[in-house]
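The same chain A turns up in both complexes below, where it pairs with chain B and then with chain C.
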Partner chain A sequence: MSEFKLRLRRYDPESGSAPYWAEYSVDLEGHRSVLEGILQAKGETDGSIGIRCSCRAAICGSCGVLINGKTALACHTHLDKAARHAKDGVIEVEPMSNMPVIKDLIVDMDAVHWKKQQRVTPWLINKEPIPEREYIAPHESMVDITQSMACIQCGACVSSCLSMEIDPLFVGPAALAKAYRFVGDPRDAQQYERLKDLAEDPHGMYDCTHCFNCIEACPKGVAPMNQIMRLRRVAGDHEIVDRNNGHRHESAFVTLVKDYGLLHEAELLPRSYGGDSWFGKFHPNAGKELLDSLPVVVKGLMRRKMNPKIALFGHKLPKDALGEVQRIFDTVESRPARDELNLYIKGYDEDDSGAQDSGAGGPEHANNAPDQGQPGQEPEESPVR
Partner chain B sequence: MPAHDVLIIGAGLAGQRAALAAADAGATVAIMSKVHPVRSHSVAAAGGINAALNPEDTWESHAFDTVKGSDYLGDQDAIEIMAREAPEEILHLEHIGVTFHRNEHGQLGTRAFGGASQARTYYVADITGQAILHVLYEQLMKYSNQVDRLEEWFTTSLIQDEDGTCVGCIARDIRSGAMEVFTAKNVILASGGCGQAFKPTTNGLIVTGDGISQAYRIGAPLMDMEMVQYHPTCLVENGFLITEGARGEGAHLLNGDGERFMEKYAPNKLELASRDVVSRAEQTEIDEGRGAGPDGVGIYLDVTVVPKKRTLEALREIVNIGKDFAGVDITREPILIRPGQHYIMGGVRTDADGATPVPGLYAAGEVACVSVHGGNRLGANSLLDTLIFGKRAGTHAAERARAMAMPTPKAAEAKRREDVEEIDAIIARPKTGRRISSIKEELGESMNRHCAVFREEDGLRQGLEIVKHLQEEAKTAYIDDRGTVFNQDVLGAIELGYMLDCAEATVVSAIERKESRGAQFRTDFPERNDDEWLKHINVTTNGGDDPAISYSPVTITKWQPEERKY
Partner chain C sequence: MKVAYWPGCVSRGFTPELHGSMAKVAPLLDMELVELDRASCCGAGVIAEHSQELADTLNARTFALAQQTGQPMMMNICSTCQGSQTECQERLDANAEYRERINATLEPDGLRYDKGEVLNKNLLWLLVEDFGLDELRNRVKRPLKDLKVGPFYGCYIIRPTDRLGIDEEKPRDRYLHMLIEALGGTVIEYAGQHKCCGFPIITMNKEASLKQAARHLGDALDAAADCLVTPCPLCHLNLDLQQPLAERYGGRDLGLPVLHLPQLVGLALGLDADDLGLARHVVKPTTVVDWSQSVVAGVGGSQSAGW
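Here is the complex of A and B:
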């Protein structure tokens, strides 16, 4: 047992006074969760502390909070780790962001999270005719969407989303991950319509800025940002050209990296608007967009964020490096199907031999099994779990 | 005043399935829950759902396995219904979007589970309950014009007509503190079990026996309450559940000597014997000094024998639980587990349409006792139970509603005022009694000591004394929160009362059953005694303080009781 100090953000809507901090000491082992700490304070010291919770095991999704400023499930964060990351050793717990606070650590999920879920038509629209038995669906596609099915609707990604902070109307990571669950489902009849809808919405799938916050915050490895990237790629497959120019921007980006080995920033904008080729910049749309962006360009030059030479001619890579980059493209593009594998499929080590024979001799033997990489730590698309 | 044909209390699998079925049958429906529906504890069901859907499987085989698993205490007519309707329900779930595991041909694939003679468990990785719960909620969002959702409303009482018919409930809006009367032609309880009366338990903090107690208080009988399931694989650390799917995928159980001890207890089925058998075997090993881990209080669950790729694909959730809550990588080393309270087979007595003996009151899911699980529930039969009997209750209640006028309960307003006063009184209690949390703690520990895997008369009597004593203390237990918005403190005090009711009925029934059957193992009566005890024990309030006991017969259709061996 050791003592941990918690500093909770308290707010009583009936008091008429502003939110305040209150400190509690709890006595628990370090690997116990912050939730258990809060529940001890609630049980033994002050029963009026408000927090939603139930399962204690990161399944029900009730206890999303900010711990030391970062969104997490209280039940899924160890006390000792939280104390180490606290600025003065006192674990700070606040209600989640991007949602109105009701009381203490309880936020209004309906007003934000659930409203956004409703936005993406969150139910299966069946392919007709509905078969008498089950739909025949590839094993991989079911496992693939199981990653977004694993979402427990805790709202951690919503709380951590930087785009939503700027644009509260952004459909957001959780709802877009939910959308992918249908877009990736071979039984759904309206994949095109769903994608078109979310591509055309100015607050839709192209509103994500790839900040990775949602991936970091998600306690279940759903990696919402990756699901958003998938939505975009599948939208590209359907050749959905959206009025937000998201698709053209993405194509231009890829072509530039392929041609130059690195992003050629000055070409990106004209090509996104004028067309995905060297001639793109002569298109009237590109001219207009360039003109509109002139103040930003000038500012960038003045602050030396841009180098006129690189801006005009692009980055120069040695020939063999450029060849390497192009080989990556060749490899990926030569695959018969695009690799959409996710953690559920790919989150294992290539070398399985140690695990398979380690059980026979009981615990001692298993402990001697050759040391392998942690499972789930080398996912192709999820840098953080 | 809100009025509906069908009012459902509880929004886990049984409640949501009932709501969708009742709406489908044309009823006006409201579904009420003290938490957001996706927080319901059905979300924690991991392993899967049973159905004889493969052409080479038969519903009779599923039914027989269930009867045998129940130690012949299950009612065979209800079990037959459940097993017959199971395949259609799986296909329905598949059609509305559940992402069931597929085999290499793209068809539904199965995994093996305890007590089953065939691999007939359909699953979504090890998040089956979550996947189904979330898909049902998708359907509720789809049908939000037909189904009113009352999320974060806490039921305080059921209300009755002069003739005893159940005609609605009183509930508190947790967000505002407002107390309202909800009138309904039918009420379906779907509020789950009472695992929190035990400590440790795999159940969530919300699982406090609300519906069981509310029904009991208006005279509904509770049946098979002595049958408490201890799940064989719960983390020693904190009681969290490790799915039976782990053993279904081939994991072994080892004692402190590294011995695969199930060979002694269930030579054929080994780790996949029924849960009561495995839990007893583990407890015997521990009690006889062959436990594993520090102090020998656990058993090793060795998942390393399962191919790693399979573990990471099909048991990912427990890989995470092992890592996050016990610091163990289950793909590389065994993890310490032991039996822990998981499920109650008993509950409010219903028929196969979910109707309780109280007119207008239905129950489905863990809150109910149909009884399809009898003395011991098979793994992956509980999700099935919630869906089949949730659907049947919803449909039946909608039909009943069609033939009747909306009740106008006279006593409703008085009951509402009574509940408001009770809550005010709890809030006003002086800080002289005990804290709610300390009473709850003592209750849980006592139940786990006296009413667990092995039981005997003296211990049970002590357990009953403690429950009675705590019931007295609960009357003066105080709380801190004086507010109305999200006053979880006062709800905790009410929940404590619910749990104490459930605990009392459980211990009283366990004392009554003087034999060993299913989950009830009496060291003082170690044999099953079909001559005297092949019957259900019912407990009612009987208008007084002490629970009254009565019996009801077990329905036997095809399968005569025989010795149970795995």
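Here is the complex of A and C:
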């Protein structure tokens, strides 16, 4: 047994007083969970501590909190590890972010998380006519959505979302991951409508800043951000050109890198607003945007921040190098089907002796869930170590 | 140390002072840069959003070019390059069949990526892990005394932690802190240090994008920072180039200078502010450099202390 100190954020809205910190000491082994620590403090010191929990095994999704400022499941975080990461040795526990606090560590999931789930029509809209027996779906397409199906609705990603922190209307990571669960399901009848709806919503799939916080927070390896990128990709397949410039931005970026080998930022902005061609910048939307940004551009040019030549004509790879890059584009873009290597599903090679024994491991390999929540095998080693 | 050097696109486009300052700083660190001038854009996550295989192939080509230089170390100066290239490298390394498929696309140009042959590190990691902060301390000519610096990492270089090899042994999400201290400056802790600058959605939701930038700049100012330092030129675009607009969306005056990582290092190593391109920023770093005397250190800070 060792002693751990917990500092809990306490708040009772009915009391009329402000939130405050309170410290508790608990006596538990280091491999026990932060949740057990909180429950011991509640049982032995102060029965009024508010915490929601049920399974204590990272299944029910009730016990999401902030531990030392980062969202996690209290039952899925070891006391010793949490203590090592605490800035002064005291484990700090707060209610999750981006949701109103009901009491102490309990947040109002209905007000935010569940409402956003509702937003994406979280059920299957079946195809007609209804077959006599069950719907038959190809195995691979169901494997593709297992990752989003692993969600336990804990709201940790919602709490961690940096876009939602600024724009509370953002549909958010959990709901968008749920949306992909149906967009990727071949039995669903309204994939186009779902995608169109979430692409056109100014707070929809293009409102994600790609900050990776939800990937980091999710205890189940759902990687909501990756599901959002899939939504965008499939929306592109459906040729949905949204009013938020999401699709235009993506295709402008890809085209510019194909044409120049490098990113040509000065073209990217007007094309994102106006359309993916050199004429894009003459579109009225692009003009409006340019006017809005004019002080910035002028200032940049005056400080010689942007070289006017590069700003106008962009930098380019040498001709033969550009040829190599363009051949890669042609080769990959001409494939009959897009190839996506999802490591959640495929896992990592056990050894790398060659192509023959690689890769095709199905989800049957994906069952043990280590700490970071990657149900596939952990990388033996990050490529950058 | 000799490294294969990938400067990225933005460092040669909208923030040329980044590439320029790196070139100035390298000799002072005994660093020889073998520039990968045939490599393409890393895709910044956007090409991968369009097609994962395309992004993986383009970056495999970059790694293959780095391999051809014969240097085991490839260096980048952009958080976003680090993150998106590492993501591709993780997939390439994870699956031999996939790797061979990508290599087949590269083959006609005589290029090939081999697992374990290229270690791709941002300047920040290289300074801390390979050059060493003690060595850096020894070379400081002008300690950044009294300069209060807020670190701004950029999402791509700190998340996801497992992919980027961040753990207790390698606390790469604290390296900027350690570096600022080694250069003699004071670290400002503030809420936004590990948050998102908002740049990726600047064309999709400008208001949300610039409100993010404004909030982090404001938080750093409230914590009494003289400037921010960032290893990411895309963050620099939202935090510096767009700062006048961010002021508008954030509803407050800001005026907080944002330095590129090699600029901060260069100042401490005794380089001239103009040589490091500091005059090119939209927010002129008057709180960092006293331009009349060309001396460094918390000019704004000491002024307000005199009140």
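Keep in mind that, in the parts below, the second predicted complex is superposed on the first by the 293 of 385 C-alpha atoms of A that agree within 3 Å, B and C clash if a C-alpha of one lies under 4 Å from a C-alpha of the other, contacts with A are read in each partner's own complex, and residues count from 1 in each chain.
We take it that contacts are C-beta pairs under 8 Å (C-beta built on N, C-alpha and C of every residue); 3 or more make two chains touch, one makes a residue touch a chain.
Nothing here was measured: the structure is a model prediction, and the numbers come from that model.
**Student:** For A:Pro95 in the superposed arrangement: first (chain B), second (chain C), both or neither?
**Tutor:** neither
**Student:** Just chain B (first), just chain C (second), both, or neither: which does A:Gly64 touch?
**Tutor:** neither
**Student:** Is A:Gly274 in contact with chain B, with chain C, with both, or with neither (first, second, both, neither)?
**Tutor:** After superposing on A, A:Gly274 lies clear of both chain B and chain C.
**Student:** Is A:Ser163 touching the first partner chain B, the second partner chain C, both, or neither of them?
**Tutor:** Touch status of A:Ser163: second partner only.
**Student:** Would you sort A:Leu262 into first (chain B), second (chain C), both or neither based on which partner it touches?
**Tutor:** The second partner, chain C, only.
**Student:** Touch test for A:Asn126: chain B only (first), chain C only (second), both, or neither?
**Tutor:** First partner only, chain B.
**Student:** Does chain B (first) or chain C (second) touch A:Cys208, or do both, or does neither?
**Tutor:** After superposition on chain A, A:Cys208 lies in contact with chain C alone.
**Student:** Based on the A-chain superposition described above, do chain B and chain C contact any of the same residues on chain A, and if so which?
**Tutor:** Common to the two interfaces on chain A: residues 343, 347-349, 352, 354-355, 358-360, 372, 374.
**Student:** List the residues on chain B that touch chain A in their complex, please.
**Tutor:** Per the touch definition, chain B meets chain A at residues 35-36, 38-41, 43-44, 91, 94-97, 99-109, 124-125, 127, 130-131, 134-135, 138-139, 141-142, 151, 175, 204-206, 238, 240-241, 252, 254, 258, 292, 300, 302, 304-305, 307-309, 311-313, 316-317, 319-321, 324-325, 327, 329, 331-334, 435-438, 479-489, 492.
**Student:** In the complex, go through chain A and note every residue touching chain C.
**Tutor:** It comes out as residues 84, 162-163, 166-167, 170, 202-203, 206-213, 215-216, 229, 232-233, 236, 244-246, 249-251, 253-254, 257, 261-266, 268-269, 272-273, 292-293, 295-296, 299-300, 303-307, 310-311, 314-315, 317-318, 321, 324-325, 327-329, 331-333, 335, 338-341, 343, 346-349, 352-355, 357-360, 372, 374, 378-379, 381-385.
**Student:** Which of the residues in chain A come into contact with chain B in the complex?
**Tutor:** 12-14, 31, 42-44, 46-48, 50, 52-62, 76, 102-104, 106, 109-110, 117-118, 122-124, 126, 130, 133-139, 142-143, 145-146, 149-153, 181, 185, 187, 221, 343-345, 347-349, 352, 354-356, 358-364, 366-367, 369, 372, 374-376
**Student:** Contact residues on chain C for chain A in the complex?
**Tutor:** Against chain A, chain C makes touches at 9-10, 12-17, 37-41, 43-54, 56-58, 61, 82-83, 86, 89-101, 105-106, 108-109, 111, 115, 119-121, 125, 155-156, 159-165, 168, 170, 195-196, 198-201, 203-205, 207-209, 211-212, 215, 237, 241-242, 244-245, 279-282, 284.
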